[in-house]
């Protein structure tokens, strides 16, 4: 109370300083917290998918599971995210006038434009990833890397790293743990959820896919790079 | 595929060593290999490309001359991609051994020297180490004129400014072939399934590409590499550039002309005298 | 004024005058920084380097600067490990020169890479087989060490001494300086060597390639050796220049004499070693590659001729060596400093040829020699070390105790 | 509460500590370097479905088969994939540049009308009505003959349709850029009354005597010639190259005869004389082929003694003799002519001499010999050789009242490729209205009033007959590999629509709805097969036996170069290279990148010169000089080349384009400007193979 009435001069006269320790603590906690909490908020930009796609629904209807839309081409390459031509056959006309469906038909199917999906597992341009090697020869199932995306009813919010442009997380963090439960894998799965080359390397090493490079005793870079 | 078969597949892969033989008597210096390489590997082009020292080329065609006066003059064209050296002891390639960040690497399962643009940080030590000048640096950002970016090949990653690039033996075509093989559950990759763009484009059929370790491949017979000695050619008239340095290139050349073969390596003065003497016997075919 | 500098110096010019004198240097520095920004913003097309000249002026500057900065570790070795107490009179200055040189070297390296933002790859994705990796690591660590070594000198400044924490810090670091010096010497041995290794391992480049022991080519040892010889000389040289500028005697003659004598023996022995190396290289190494050594010096005689050998080994090696080891030679200060200059020049030439001639000379019989002239951006940025050096020395001289015996001497 | 220095420092220290223990600095460091790996200004080509389309390359008369690689709709690269690697394949640099030529910004993107302030884009509707009104005024003015058309060739449905259009309109002014084959037809016409073109059986010949044919630098059908030469390496066929300089072909040859420039015919006739003197069988063959053997022999006897020929060719008598003997001794000797790429008209003497040589060694219509092929094309089209385009343009330029008022140009670029281009430009500019059908901007389009965009070679379906020296002529079909990028049309469609707009006088002659229906109809039953294979054999009406011929018309002495030796001591000739586009249009950026430093540096072209000649002129490498000929001048640099004959200057073709393409425009000199014209006395074609020249220091 009386503080308010006390003349401002008073304080200046008995000017007691902040103790160095307190200052240190303030500085520390401020930036420590900013680094752990504030910074990620700034780094990642939340983006909704162009259309609230329901994987669960589609996988139920589709006869060949994931491969119905995410298929191999005859030359062994992988189509990845399907083009609009995969949607057109079923979605010729508006059935339940849900805004998404209307948008799908008006903005994309009728204009014959591909839907600009935000791909969680998008790879850098310098990466050559062979689905054939992993799925056909390696006998991996989609879930190993892409997690339970197939059972999702609404797409996960896409958190875009504004510096790198990549998704904050590969669906369900499986990417990291797929590498087998090495200590570092565990740590990474908690901390950095963005996919890194180490994730590939770990997995390849646990499957003893090493050799090639004399420098690194790992596989040659061109196994996965272009 | 079970683990054992995968191991087997890898074992069998380990034995591969891709190499190239260029017949200098057939090469006509037309330049198709250079253009084919540019369009296959998204090599940038500038408005003025006459300064060859800053120009990016994965394969260059040199014009050799016997330095004799008219009309005894003879010339020979020599195309030069990256030599994909095996190095003194396997993997100790001149460039690979010096790269501080393993941006370039020798893969003993294919014998191909890789270059990763997203790893390279542009110190250019590898360029200094390479006696063949096979490496180019991206001095500026590549610019494709309006519309021309459409012709970029998605199998090859365009480079950013400030990194080193070089011939990859069109490795992406090997990846493509392997993709198909995986898809079809095969392991073997046929000779014709993996051929470089320059090989394919050569109208004179001067380039032969294949697996030096595979007796079934044409190049193996044409070169007869001595695999104990870094693949030194046993076949007559076949030679490699700068054999004496021990870089052990995977690119071989052949010519029936002695003076051309002499151009392939450095010789001491006295040696030169002997060789030129030997070379002169070919001059009589000149009118 | 006196209070601003705690150096106990009496005749002290006003800050205004002090900074005015430094103005031209600052101007030059600004030019350099402008060029530096251009290079980082627009890329290496700002230089005249090309696919043949992958290494050029900058790398040379690096090698030279680090060799000249070698004074710090070598003087440190003599002072702290071999216990040459009298060198206390110059050790602070030697360390300062070291800090400047290594700082500049790292800056230039940061300029020289095509992707500066990926600089940390060299630490994180290090390829242990590469000499450059070795250089980067030792360089960085040693730079830190040098700063620690310089810290007490900095903390001598009375203003800072008022803060007890820093005061104690200063004292304690003083105490363990020997340890740091030791580490410094160890690291220096390696990175000075690795710099020599950088060209020595290039078995694709007959001009540069050298045999050696284990993974280290002979140039590895020659570089360390020559740095140990040239470093102290450079320290003496800069010290002399400071004396001339300040117009005061800074280091007692006996110290100069001692350092010069040691440097003399080093350069002399180095010259011998270098000669042996050259002879062996010319007679064996290059012959194996199919080169008669005369080719290196006759094909492009104007720029890369025999004159280099004469200048480097005899004029800038043997001659100053003999002068410096002889009592008579050292007595004449003029002669002493002349030979000091010669040694410094010699080392610069040595680094220049090993970088420039290596890349200039074609290895394929059908390729041509190429020549290179640096762009103004390269020159300007290469002047940054010089300018910042002058400024830092001036500032330190004004505000710190660089030469403990200065006041007794005047 | 206040913060003193100590407090402040500890705050700073704390902050630093806190930061280092948070992921921020490391994450930032990492992500920033990842950012440098995905710079937004570095294009990322989109992945997609890979597909291959077979077609025929129509960029030069060679008509080679190509396979185009596509990713989704994008054209990526051109190759020549074969099932087996051993079979001959490959593509030339020009063919490989297909994608660049498709996507280049120098394409004509919509109809363009020239107005006072440059070209303005207009609609097709407007463009065609302009054309129609122009035609109507001509018709109403009662001067339909003032309509003329210039086509790139006289082969295929395109030119035929154009010719038909003019015919229907009432004009006989259809011209095409004359070719080597035209010269052959003209000459053989004169000799025998039946025009035919040469079909060289390169593959089966055992000795090939080439009079300056750039076999490995794009001669005839480039790939075919290259393959033949590679084949010779295996079969042991000898290639003898007669050429004044060490061209790539000369270097690739087994024997290089450094003959004086322009003396090829003299050498051939000299050899004929040797053969006639030595071998009775040759005399018999002459008697069987010629009505006036004695006249011919005496002509040779008087003008082609070894000494005379030696003097003309700069070779020694013994060398000429041995050449002739070796040639005759070979199992299947074959003499071929057509300098450089063998596409521009050949001097009638050269054709004649080559023919005689082959006759004397008895290789006419024989395996490994010279087959006489009558072209399927309506010979009227090719036989009006006596007024070659340059003559017409010259006339148009000279007469005060223009002989041409409306000119249609299609598939040709006379303003660059014709001899003396400057004069051509003047002439064209004098013509009141010029319409050019072009896929890319070129010099001629630049000088026209109306530019109509046609499909590029990868966008349309076109038939493409190929003779160019093939023993078995082919018919190719180019396919629409890519979907059309711009507002382009077939020239045929434009003509058909124009005709229909011109009303009953014209319409009935063009009953087809579109060019493609016309194409299908004219190809008839072959359409199906052609559509599958893209290349089929043309039925080749061979002339079994050539009618007896009279050679007297050819007993004239060679045409000499204009200009005095004193004024112009040197001789300039052109050289071709596969790295440059020597046809009408400019080279691709990729091709320009392969051009050697000894040919072009910055924007300066080079001429090769013998080191000794350079010494005489005291010139050294890369010195820049003023090169002057009676026809023009240009600043060039010199390149010292030991392979060039003394006294000779050699300049590369395909440079010096004016069209505003930043990648090829304004680089080097268009050698045609310096070579000028040299009219063949018999055919009237321009046969300039060189020009007297002088170098002046600048």
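For this structure, a couple of remarks:
Chains: A, B, C and D, in written order; residue numbering restarts at 1 for each.
Simple rule for what comes next: a residue touches a chain if its C-beta (ideal position, glycine included) is under 8 Å from a C-beta of that chain, and two chains touch if they have at least 3 such contacts.
In this text, all values refer to a predicted model and were calculated from it rather than measured experimentally.
When the partners of chain B are compared with those of chain D, the chains appearing in both lists are A, C. Nearest to the global CA centroid, when each chain is reduced to the mean of its CA atoms, is chain B. Of all chain pairs in this entry, the one linked by the most C-beta contacts is B-D. Using the mean of the Cα atoms as each chain's centre, the chain most removed from chain A is D. In terms of their C-alpha centroids, the spacing between chain B and chain C amounts to 40 Å. In terms of their C-alpha centroids, the spacing between chain A and chain D amounts to 55 Å. Our note on geometry: chain C versus chain D, Cα centroid distance of 62 Å, whole angstroms.
The set of chain D residues touching two or more other chains comprises 6, 9, 32, 35-37, 44, 47. Contact of a single residue of chain A with at least two other chains is seen at positions 75, 77, 124-126, 215. Counting only residues that touch two or more partner chains, chain B has 55, 102, 117-119, 141, 158, 160-161.
The touching residues of chain B, when paired with chain A in their complex, are 1, 3, 6-7, 9-10, 14, 90-92, 96, 102, 105-110, 112, 114, 116-119, 155-158, 168, 171-172, 174-176, 178-185. Within the complex, the chain A residues that touch chain B are 72, 75-77, 124-126, 128, 130, 132-133, 136-139, 207-209, 211-216, 219-223, 225-226.
The residues of chain D lying in touch with chain A in their complex are 1-4, 6-19, 21-25, 27-28, 31-32, 34-35, 37-38, 44, 47, 49-50. On the side of chain A, the complex with chain D involves touching residues 15-21, 23-36, 39, 43, 73, 75, 77, 79-80, 124-126, 161, 163-166, 191-192. The part of chain C that touches chain B in the complex is made up of residues 43-45, 49-55, 112-115, 118-119, 121-122, 125-127, 129-133, 136, 198, 201-206, 287-292, 358-359, 363-367, 370.
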